[in-house]
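Following this line, the structures themselves.
Shared chain: subunit A. Partners: subunit B in the first complex, subunit C in the second.
Right after this comes the complex of A and B.
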């Protein structure tokens, strides 16, 4: 366990060095957040029926998305991707560790630090100036926190699968651009999922991405009651299990067919 | 028992090919053509504990592939292989804990971290107990003169400094076997010497078995008691350096510095192959013309400032070996 904890810590420290990137991200996120909130307000003003999400809820939902953008964003490990290109990935395989757990530890660290660096100031800013609301009860806050842990692991598990896919594609430009964009959409980051037509909802329910953003956000706003946290967590962890198994078996296959480039 | 046993190792890569030009790229979308490249073919050898072996061959001969199979990174198509009694790719985790690997063109240190933090990370990854780690670390830092580098981030190190750190990194967990893929590539003369001296010492003193690939024949001459030559994926020489020389050629060279640069040098049983100022290089076969006789002959006939006997450089021997093989 110590090996994984150490690599997690090392990544953590390295990530802390990127404070300027976090500050830049903060500005971008705030800008897009304002834009989205304005669009939402315009739509709500001209709504003919009562939307399934109240405006304050939708605004808080949107800001949560902006705060937690880096947690939800799926991407293969940039370090491993660089190693694939340069061929240093040979060293990764030459270490006495379970490579999957190793990569998962790193994916977790890569998500926690940038998220915390951005989310805390963003949340303060959005709560004070831009209409983000506190959760209605302590129960809602607790439920959200639990679901957030699930979202973190889900995001990391999908991202490791993307990392493993690099064993086949090496550069992986296609997958690594397509998947995050689709996943952001399907987790409610562009438009809150409850605002989609009724017939879309079962589709969202069938996919794993809802657990990344939509469900935790709705626990926070109180749109889902705190008791719903159990089914949310169950959903998340079933998907995490699926992605871990998929990632592990893909990694096993990938290593068998591995061609280490050059040298 | 042998530490490393390799029998009939074969590995083929499949490489996707596309026809040249934009039309070829389009056709490649629908029909992929694959070319099979045999990286190693039926390679066999065994290594005893404490040997220091040079693994030599031209680019693309299959040297790195062999090392990567032995290190548990690649899975061969067929053949058997045991390192310290384990099959590398089947028991990868247990296997890699007992070996050290250095790829000269790459670093295993963390780019953004100071050297010492990389070492600590490796200590945890290899599960080295703290006391053992301290002992190894202090010894390596001392031997490789790393103390001024320890707090420097790896990206700021020169290539020579980085290689010294990489060697230390590969030995922190006290491996019994060390695989080195071109450890001296790109290094300046002083760094090369430092690396060689260090490898020699740990081989002698710690009895670490070393298998190294290199293009630098000075590495081989300075270090290796045994050479394995590979080309096109096949082993075609395995034995001592002297044996390698004898197999290709018995040639020996007599280098003579004459008093008078204008004089032609003619002696029985030797051919002049180079003339430069005072210096003449004679080539001869010691089995036909014994060296003492030749020297006596030269010194009797000509006024000589200095003279010495040399083996042809190992580069030439290996180049000759490749030429012979192609014929």
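Right after this comes the complex of A and C.
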């Protein structure tokens, strides 16, 4: 257990070095969020029927997306990717640890720090100036926090699977660009999912990505009642289980056929 | 050899180099296509829910989306050299460029043509085509001229922003990500008519980073739609000049930067 904790802490410290990047990201993120909010406001002003999400809810939803962007962003570990290209991934295999758990710990740390560095100032800014609202009750806040933990693990588990997939594709350019974009879209970061046409909703329900953004966000705004947290968490952890099993078996297979090039 | 011919010869070499990695090229292009396709899907979803936005319809917004993305993908394809410029300053490699008897901006610009931007380009062309068909635009000679003029102005403006971003590296030795808020953010903003935005943003997009001048005003003239904000239609014929002027200013700033440059070397 200690090894996993150590790698988690080490990654945590590394990520803390990027404070300037986080500040720059904040400005970009705020601008982006404001644009989205203004577009939503314009659409809501033209609404003919009552939309399934109120405007303040949609605005808060949008800002949560801007705050938690880095948590939801699925990406293979860039360092492991370099290792695979250079062949030094062989060292990773030599470690006396469970490699999957090791990579998962890295993935978790790589998500938490950028998210915290970005989310806290962004949330303060958005709440004070840009119309982001507090959760309606303590219950909603608690439910959101629980769902957020699920979202973190889900994002990390999918990301490790992406990392493992690099064992086959090596460059992995297609997957590493496509999956994150599609996942962001399907978690509601482009447009809040409840605003999509009704026939889209069952499709979103069947996919794992809703648990990354949409469901936690709606617990926060109160669009979903706090009681819904149980089914949300269940959904998230079933998917986490699926992705961990997939990741583990893919890693086992990949390691068996791995041929390290060069010398 | 004239600067112009030299530029195209270098670009040609870059294209041949990229075509050595065909699979990678196609994967990147498809990824780009999906990436921007999702953005349009989001716009479509909002119209599916709300039907119109302050009197603007989906084909009209699609026209905005198409033109700005066509122009951006062209500018972005030619931008690789300036994009990676911070690296050159840090490593001292810019010295190499200084000793060659050619304009520095030309050498940087000719570094690479990113072919994979064809993904974004083709996707926005499809959206543009669909929008023009839905809107029954009449392809008259002066309409096409204005369209070309609009696209030219937009490409110039985005290129100017890339050059300015790189120019900052002369002082900061790194490419400033903050500028992305106005480049990528600018495309995002230009996908909708600025009439949707709050006044401060409209003013920023008109007088600060003049995206509205190369996008909103000429498109109103192209669509023959009176401006809900009250500007007369002929403004659209003049305002794309702002993009050209911006490029002029950016190249001037670049020259200042070159003069300021002291090799970091190592």
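Assume the second predicted complex is superposed on the first by the 263 of 263 C-alpha atoms of A that agree within 3 Å, B and C clash if a C-alpha of one lies under 4 Å from a C-alpha of the other, contacts with A are read in each partner's own complex, and residues count from 1 in each chain.
Keep this in mind: contacts are C-beta pairs under 8 Å (C-beta built on N, C-alpha and C of every residue); 3 or more make two chains touch, one makes a residue touch a chain.
The shown structure was predicted, so the numbers you read here are calculated from the model rather than taken from an experiment.
Of the two partner chains placed around the shared chain by superposition, subunit C is the only one that A:46 touches, whereas subunit B remains out of contact. Judged by the touch definition given at the top, the superposed model places A:34 against subunit C, while subunit B stays out of reach.
Touch criterion met: A:181 reaches subunit C, while subunit B stays clear of it.
Look at A:7: by the touch rule set out above, it reaches subunit B but stays clear of subunit C.
Shared-chain residue A:191: touches subunit C; no touch with subunit B. Contacts of A:202 after superposition on the shared chain: neither subunit B nor subunit C is touched.
Within subunit A, no residue touches subunit B in one complex and subunit C in the other.
Contacts from subunit C toward subunit A in the complex involve residues 24, 27-28, 30-32, 34-35, 38-39, 41-42, 45-46, 48-55, 176-178, 180-181, 184-185, 188-189, 192, 196-198, 201.
Interface residues of subunit A, counted against subunit B in their complex, comprise 2-3, 5-7, 10, 13-14, 17, 86-88, 90-91, 93-98, 255-256, 258-260, 262-263.
Of all residues in subunit A, those touching subunit C in their complex are 21, 24-25, 27-28, 31-32, 34-35, 38-39, 42-48, 51, 171, 173-174, 177-178, 181-182, 185, 190-191, 195-197, 200. By the touch criterion stated above, subunit B contacts subunit A in their complex at residues 13, 64, 68, 71-75, 92-97, 99, 101, 103, 105-108, 110, 112-113, 117, 120-121, 124-127, 181-182.
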